[in-house]
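To keep things simple, chains are lettered A, B and C as they appear, and every chain counts its residues starting from 1.
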Amino acid sequence: MPLIEAKDIIVRFSIRRGWRRSSFNAVDNVDLEIEQGTIVGLLGESGSGKTTLGKVTLDLIKPTKGVVKFMGKNIMEMNKEEYMRYRINAQYIPQDPYASLHPFKKVRDILQEIVKYHRLANNDKEALEMILDTMSKVGLNPPEKYFDKYPFQLSGGERQRVSIARALILKPMYIVADEPVTMLDASLKGAIVNTIKNAIATIGISLLFITHEITLLQYFGSQTNVLVMYLGKVVEQAPLKELLHNPLHPYTQALASAIPVADPKARTTRKLLLRGAPPSPLNKPPGCVLSDRCPFAIEKCRREQPILKAISPNHLIACHLY
Amino acid sequence: MSERDKVFTKQLKLVFKVFSRSPTYMFSFVILLIYVVTAIAVILGLVPPLPPYRGGWEYMYQPPSWKDFPWYMLGTEYTGRPLLLAIIHGIPKTLSVAFLAALITVTVGTIIGLVAGYIGGLVDEALSLVINVALTIPTYLLALILVVILPPELKGNVVIMAAVLSITAWASLARAIRAQTLALKRREFIDVAKTIGFRQLKIMFDDILRFMAPFIAMNLVLSSASAIYGYTGLAFLGLMPMTPDNWGVQIYMAIRGGGALYSDKAILALWAPIITIVLLQYSLINIAKAMEEIFNPALRVYLLGEES
Amino acid sequence: MSEVLLSTKNLSVSYYNTKVVSNASFNIYKGETYALVGESGCGKSTIASSIMRTLPEIAHINPDSQIVYHMGASAIDLLKVPENEFSRRFRWKEIAMVPQGALNALNPTIRIRDHFIETAKAHDLEKEEALERAWKLLEAVKLDPQRVLNLYPIEMSGGMKQRVLITMALFLNPKLVLLDEPTTALDVLTQREILILLGELKAKYSLTYMLITHDIALVADLADRVAVIYAGRIVEDSSVDNIFYDPKHPYTIGLLRAVPKLGEFKEPEVIPGSTPDYKRLPPGCKFIPRCPFAMDICRKEEPPLVEIDKGHFVACWLYMKR
């Protein structure tokens, strides 16, 4: 049984423009399964619904339709104890290192309040040990140096480490990392991803890694299962190696060819594959979500939405070309 | 020194350092300190009580004299009593009404604003309705009516007066707090607070409230200033019992009974209470500004040199 | 291409008593794209602000520093030009900057057309001519002028805002354009479009670019020559091919290794240590705490920037005989 199972998730948002009320599906009929101890990548650009989907699995957003199950049990049908158990075991590492920490709390306060609230330790000494241990695990060494600092006294990378420590201290079974390194320097990204990787490996935590940079997912291994999202839909799903070797969906191909590569010789071989810009989510094309930009679009694409289906045991794709 | 004592002395040091950064702050702090100390002295009985009423032109609005130094330095007021002493006797009541009114205003306003903003939905609709109604009621008119209705014994009561003055004042603070809560609700650290499993009450009254602490502290002081105006204003309109220790009554009598707008006789009795009020207000407003600085952790670190 | 357009000599900048840029000397040749690459806080943005003379009040430029701009036959030290002459003759007219999109450089309360009109007024340009120029530039960046001129910044996407910022930089036909992190906060596909656009604009308007970024992959895409900056000092300066295929300075090598290559599934490579504390820099080479090759002489003396090969400058004792 998978640790987290999200089925037929639809998240509908409505906004008001003047008198009119219009709505759109930020997440449009998506299934997501995460087995215990595995890492799943969620790849997409802004507006793809990836953050919303991640938050749905954490019960931070309630889906308009669809069910989220934790260890087989529907979270909406859980009693108080079961829900508390789920709650502690599902943690979040947000994107913005500047907005994710309370500016008026020191690092020690941020971590101590968690330990105290959930009575994770029997006495102050044990609590302190726990905190120091977690802090060194995430690379804040020596921990004493960071203990009494406020977030504004830390760099972006250090703040993210505090965020990671905060997610880890409850020893959860599942963590959602939402673009945790997007706002950091390129040279720092690997270090923070490494920290996350090592931290989850020691306790066998499942991870949902949300990003728009496909190269970061490489650090998690070639067999990492990756879902590619665009405008609320999953357009392709495959293990990372397969996805890079054999990207089938035109959107995946465009993503793979657009990534900046640290090789001057690669300059001339990069061209743009998609026309124009992503439409507003209120103006999604009928039919396939990519049909207004896809160079291979045929008449059928404009009329009918393709279904996500498997063309090989672990490679799924939603495209009329296949 | 225990951990708590250490933290407390650090806070005191911080407050002192913030105030000593600017002569204006220092001045305001000292003025308020003088008022508070004087109030305590009056309550403790260290200040002589007011002598009995002595009517008649020989005693009313006498010019300053050296008699019984220092109490007759400002002469006498409309009851023949020494003006300076009368003003000093007025401090404790004014300060307590003001601070109590501020406390009520800020507590009620913050709680209603927080709950409305964070919980949302029907609770928010209901509370917003209450806030909006309270906002449309003209504050002073209501206070006026209430004061007129109240029996005179209650008008002297500090708690009752504080309640009257804060009866609608909480509403605009509630609106501001609600707006800030709505904005803060969406921030990522609130998402994390939820996944950590903190219950709603904790998130509201610890995380979100802490964010607004400088704003609330500032409002506490500003509400006191506003309450002082309300209190003296009601007395100035002649609606309060004519006790000599009320500054507004002093001003009222100086104009009505002493003709201070037309002659020089009662001029001191007009200006002394006014200056007392203005000085207090000025200090409070500056202290309100300083509050924000005290609560700003960046400034705190810079001043206390916490580099660790 | 071998004409110098701008050169700095011993540029040193301090904030209060802390030196953040130290003896930076480099040349920018006409028609090239010169990149300054380094981690956040390394001083690259300070160098750019020094050239544009937009440093904050508390910054102090060392009087020995020179920034020499070549106009026709004459060479002018921009640091010696009085402020009102600089803003009339040079800023925006000769040298312009495209600021970071994420930094809200556009005034949120006025429409785009008013941004242009205000700039025009400040430089004695007629309103009609200003709008005509704006129109042509907006078309050149592939935006619809009819629509965009009437929008407020909040109504535009990140990519659109970036393009508008580019048109504003080009408004007065500058020769040198400083690009400050032109693709941060943009999605992968939009990034690629902006990069292609920048290349087209450079050819069309005969521009020279100075690129400021922390992303070394971006440098590989755009730059002709690169300067690597660490702790306010240039540690390596050479052609883009040399930097990528024959890097000399250990920091450059570290930066290259920290960026994942497409298709490589391995552990992230991390530059050990953390960003320098400018108030407590070590004597000798500033990179010592993080350098795997540190020698005795590195701890005693700071290495000078020396040309060890044609057009290849390095500041490192490993390459100098002592």
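Throughout what follows, contacts are C-beta pairs under 8 Å (C-beta built on N, C-alpha and C of every residue); 3 or more make two chains touch, one makes a residue touch a chain.
Keep in mind that this is a model prediction, so the values were computed, not measured.
> Classify the chain contact graph as line, ring, star, complete or other.
Contact pattern: an open line, chains touching in sequence.
> Using the touch rule stated at the top, which two chains are linked by the largest number of C-beta contacts?
So the pair of chains linked by the most contacts is A-C.
> Once you find the CA centre of chain A and the CA centre of chain C, what distance in Å lies between them?
The computed centroid separation for chain A versus chain C comes out at 32 Å.
> State, to the nearest whole Å, the distance from the C-alpha centre of chain A to the C-alpha centre of chain B.
50
> If we count contacts the way the header does, which residues on chain C are in touch with chain A in the complex?
Checking each residue of chain C against chain A gives 39-41, 157-160, 187-193, 195-196, 214-218, 220-221, 240-241, 244, 254-256, 258-271, 274-275.
> Going by the contact rule at the top, pick out the chain B residues touching chain A in the complex.
My answer: residues 187-189, 191-192, 194-198, 202, 207, 210-211, 213, 295, 297-298, 301, 306, 308.
> Quick one: which bits of chain A touch chain C in the complex? Just the residue numbers, please.
Its residues touching chain C are 45-46, 155-157, 185-191, 193-194, 212-216, 218-219, 221-222, 240-241, 244, 254-256, 258-264, 266-267, 270, 272, 274, 277.
> Flag every residue of chain A that touches chain B in the complex, lowest number first.
Touching chain B from chain A are residues 55, 58, 60, 84, 87-88, 90-92, 94-96, 99-105, 114, 117-118, 145, 147-150, 152-153, 163, 166-167, 170.
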